[in-house]
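First chain A sits with chain B, and in the next complex the same chain sits with chain C.
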Partner chain A sequence: MYEEILEDIAHNSALRETNTAVKLATGTGAILLCLLSPGFLAPLFVAVTLVLALVFLARVDIHTLLHVYTAPALFALFSILAIVLVSGGGECFWRWQPFPWFALSLSRDGINQGTLVLARFAGGTTALAFIALTTPMTDLFAVMKRARIPDEVTDLAMIIYRTIFVIMAHVVQVYRAQVMRLGYSTFRESVRSFATLCGAVFIASWEAGEDLVRAMEARCYDGKFAVLGRDRPPAPLSVAAVTLFFLTTGALAVTTAEITLL
Partner chain B sequence: MHIMEGFLPLPWAVFWWVVALPCLAFGIYQLKRILSADREALPLLGVTGGFIFILSSLKLPSVTGSCSHPTGTGLSAVCFGPFVTSVICAIVLLFQSLFLAHGGLSTLGANIISMGVIGPVAGWAVYRVLRDTRVHVYLTIFSACAIADLVTYVVTSLELALAYPAEVGGVASSFVLFLGIFAITQVPLAIVEGIVLALVFKYIVTLKPEILVRLRVFPEEKIRAAAGDAQ
Partner chain C sequence: MGRVILEARDIWYRYPRGMEAIRGISFHIWRGEKVAVVGPNGAGKSTLLLMFNGMVKPDRGIILFDNEPIRYDRAALRELRRKVGFVMQNPDRQIISPTVFQDVAFGPVNLGYSGEEVRKAVERALAQVGLQGFERRPPHQLSGGEKKRVAIAGVLAMDPDVLILDEPTTGLDPSGSEDVMELLDELHHQKKTVIISTHDIELAYPWADRAILLTKGKILQEDVPDIAFGDPELVRMARLSMPILLELYIELKKRGFSLPERKPKTVLDMLNVIDRAFQNRLCYTQPGRITVLDVDAPCPVSLSEWRSRHPGVPVGAMGTRAKQRAEEERITPDFTYGVIDKCILRALLGEDSLIVTTASMAGRVRERVQEFSREFNLEIEVVTARGLPDDR
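The block that comes next holds the complex of A and B.
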């Protein structure tokens, strides 16, 4: 339940030592290309290529990768269903109009629109997973500093990052103790146990914050955190591979712009 | 409720980023003001962000069987105010997309507006209206958290409806459909989140009421009275 955080996988990824800027450019560039593509084949190509890169280059377990898609899947299912039903146009296979201002239909353009959104979702989520599963957050803090994001925001982000792991250890302990005592056996019990868990976490967070204030004061904290960025220069081979990936996706987006599912 | 990566067409993704940036700039200004006045506030704000992240990654007991997570932004807005909540929420949303693959980078602007700005402001407004009335503190917390959650879901539906207007009836018709579809999971979720966070509040009132007194969430006598009721 709580151990599914992707940060641990990123630390053990085979692409961990690859230059951060190259990995970020790959992920964000792929997201942008998915959104710019008018056809569904280019985003699908992005999804397939990045899944292969994650499995064979980053050595990410395929089950972990599938798990990444389960959380957004429900949202995707409901949203794409709605997009298909409201987007009309072209040949109509089914139509229901209960009010003059409201109609649901299953049409050629609606299905094509739904396919495009599904492909963009698959490509975009895989690109996001590529960043998440190969780049630990600590590497991103150095990028945030270089990008001149205000120090207060970077410092706050670093404390949030640190606190997550402190609190998570506490949550896992309390949750396991609750499960052992059948705290989640019925819906009513679950609500009560969950509220107790959250309350305990809130108090633990507050106490962790007070401890942190004392620890930082004791170490002469002057309002600024130091960030030690350790980044490797980009390897020519990885830059060439990413460039080739972008060019192929871009070419595919242009040449397959008119291709639709129906 | 996050809009996932790839769901918003590029013009709408850019539009929501442009709307979110001034809100974030104002939140960062408020954050700088708080930190220049009280340096000790930084670790406390940091742990608040950690708390929201952990809270939003926990699975809420669900009546519909769906995988539902609380937003926690209502409780944060009540305790720390809506503007600081927006900055914390932006960082938490970025972490959620990079730690858990929930949400996205192109949709971050839209998610900041719904979950980090309008939802918390709505929850905070309800809390401010009820705070000095005779309404019980737990009912106030329930209402603020449930409304923050419901408004987040309404705004998310509107963001999707604007991006995908219906062939018949346009944005309004599409908005009704998105509201109806997400209501299946989001309305029970908002009610359960309201109940859970009211119980969380009761737990804090019972064990550590001094935190709530220091944050000036309610007048001290109201918190003492609630602590008396809880025991």
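The block that comes next holds the complex of A and C.
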């Protein structure tokens, strides 16, 4: 259960106790700076700084971090390759035209554009990973509440969050029971087993919903749900560090706007 | 025993799909009592217990709480559910919030407590079940035993008079089951009425003050456990098996051995029965000493320091705070359940032992040891642990 792993890392992160708003501001601010920067050095700086923060401050295992990057990196690799080979302009280093209406080329502008996208991908993904690996979902509910998102939405989000794990556990149990009885040995069998799995999970979810109502009734439910734990106030040092990070990245974005790889 | 707190008068209930679940049941439960409702799967135990906090309304008959018939309007049910807490069999179905704090706070928030009152209620409930420091943990990261404790804390936060637990040890390992039963003992000691449903007769037999044997929606027997479980015919009819100690006692009796009248509930009791049967003495040596270390004492003795001065002496931790203290001092207790009896057994072998416990439970240790010493004409010494090297 990959979602559970990410959530667990966030719960065990050394930055868990840092104020949630500060962490969210760091992540979202970094993403915005990556998008606004015309040069590739500022997003790269964001990526390097946040990876160092994740490894040394949040104490996230480097292997886990690499694992988190694998899927988006594969996606980014193909996208960037397409950008580099398809977009043209400037000096051309290599060109191949398999059809009269289609050509692949390696040009200066294409490589520079690819580098910028790669840097933005690295910066943006790292910023997102920074939020995901240091801030558990449970802390985000408090932010949702403070952001005046309607109670109904927050309450529902909390119930869904809790129920996901209950249902996931059920899915894993049913799936294992099917695998043990060779439920996925052939394609035909796999289709049949998957349909049964969906049916069983639907019934289990329905029952879980009924039990949820009973559990809430038994505990005097009166329309109130969201009581949230207290967040730590932002530490001056962390606020100063984040401000310095933003100022440095901003300055870098302005001063290195014209710098390209080639 | 105080007055009657819960009473059922000729209650009947039929499931919506037509099967009759409860068929004319009448009984009462005294305030401060520990009751086990025992029966096979499908006997109607859970349905019966759900009637006590108004989750299920009987088709016929009445349920009384504190000598008043239960009313089923919204306000009355809220008040009833505050006083009669229900812990479901599967804690995953009871824990509804994304963190432990939020889940335990659920009841108090809905009862309209202020923020500060909610915080205090949650802190108290988590301390009662020994889960301080778990406030921000999400339930899916907890073990089965911890989830069960969160579910119990969620009910305790509303400070109920009666605590009902449906199959409290289902899905737990033996150590987890022992911890939960020990916790129920502690809660009972805090004057709570505790009712459990179970089909684990070995668990119910030594724990309960009274057992209600249920099968096919009817009461077969209702008495103290050694009588309720002592009739082989009734036990067979209820599709259960007799507790092993009780069965052994009955078999020895059938063979004409002279046995004490009190039927054995624990290994210590059984040892007494065997010694009596074979006319042995219970103790052949100078009995060992039991030292009590009170974790609530104003100047508590360091457990690790005591242990280093008394190497090899077994340690029993009795109660949640005692277990936490042992954990804090990185000491693994030798006993965590049935601690007093296990230490008496050691004393009978001439060995010393230490019981770590709270101030309120320390009195219980002395009472139990004195009662045993009087009954068997022995002298087992109980002393308080001190920080000085002269307490042996």
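Throughout what follows, the second predicted complex is superposed on the first by the 210 of 262 C-alpha atoms of A that agree within 3 Å, B and C clash if a C-alpha of one lies under 4 Å from a C-alpha of the other, contacts with A are read in each partner's own complex, and residues count from 1 in each chain.
As a working rule, a residue touches a chain if its C-beta (ideal position, glycine included) is under 8 Å from a C-beta of that chain, and two chains touch if they have at least 3 such contacts.
On a predicted model such as this, the values are computed, not experimentally measured, just so you know.
In the overlay built on the shared chain, the residue A:L212 is in contact with chain B and with chain C.
In the superposition on chain A, contact of A:I111 is made with neither chain B nor chain C.
Legend: residue contacts after superposition of the two complexes on their common chain; A:V60 is shown touching neither chain B nor chain C.
Residue contacts after overlaying the shared chain place A:C34 against chain B, while chain C stays out of touching range. Of the two partner chains, chain B and chain C are each touched by A:M137. When both complexes are overlaid on chain A, the residue A:Y161 reaches chain B and chain C alike. After overlaying the two complexes on the shared chain, residue contacts for A:H11 are found with chain C alone; chain B is out of touch.
Within the superposed three-chain arrangement, the count of touched residues of chain A is higher for B, of the candidates chain B and chain C.
By the touch criterion defined above, A:V174 reaches neither chain B nor chain C. Of the residues of chain A, those at positions 4, 7, 137, 158-159, 161-162, 166, 208, 212, 216, 221, 223 touch chain B in one of the two structures and chain C in the other.
On the side of chain B, the complex with chain A involves touching residues 1-7, 9-10, 13, 28, 31-32, 35, 39-40, 42-51, 53-55, 57-61, 63, 66-67, 70, 87-88, 91-92, 94-95, 97-102, 104-106, 160, 164-169, 172-174, 176-178, 181-182, 184-185, 192, 195-197, 199-204, 207-208, 211. Chain A contributes residues 4, 7-8, 11, 136-138, 141, 158-159, 161-162, 165-166, 169, 208, 211-212, 214-229 to its touches with chain C in the complex. Residues 1-2, 4-7, 27-28, 31-32, 34-36, 43, 68-72, 74-76, 78-79, 81-83, 85-89, 97, 101-105, 107, 113, 117, 120-125, 127-129, 131-132, 135, 137, 140, 150, 152-153, 155-164, 166-168, 171, 184, 187, 190-192, 194-203, 205-206, 208-210, 212-213, 216, 221, 223 of chain A touch chain B in their complex. The part of chain C that touches chain A in the complex is made up of residues 53, 55, 78, 81-82, 86, 88, 90, 92-99, 101-102, 105-107, 109-112, 118, 135-141, 154-155, 158.
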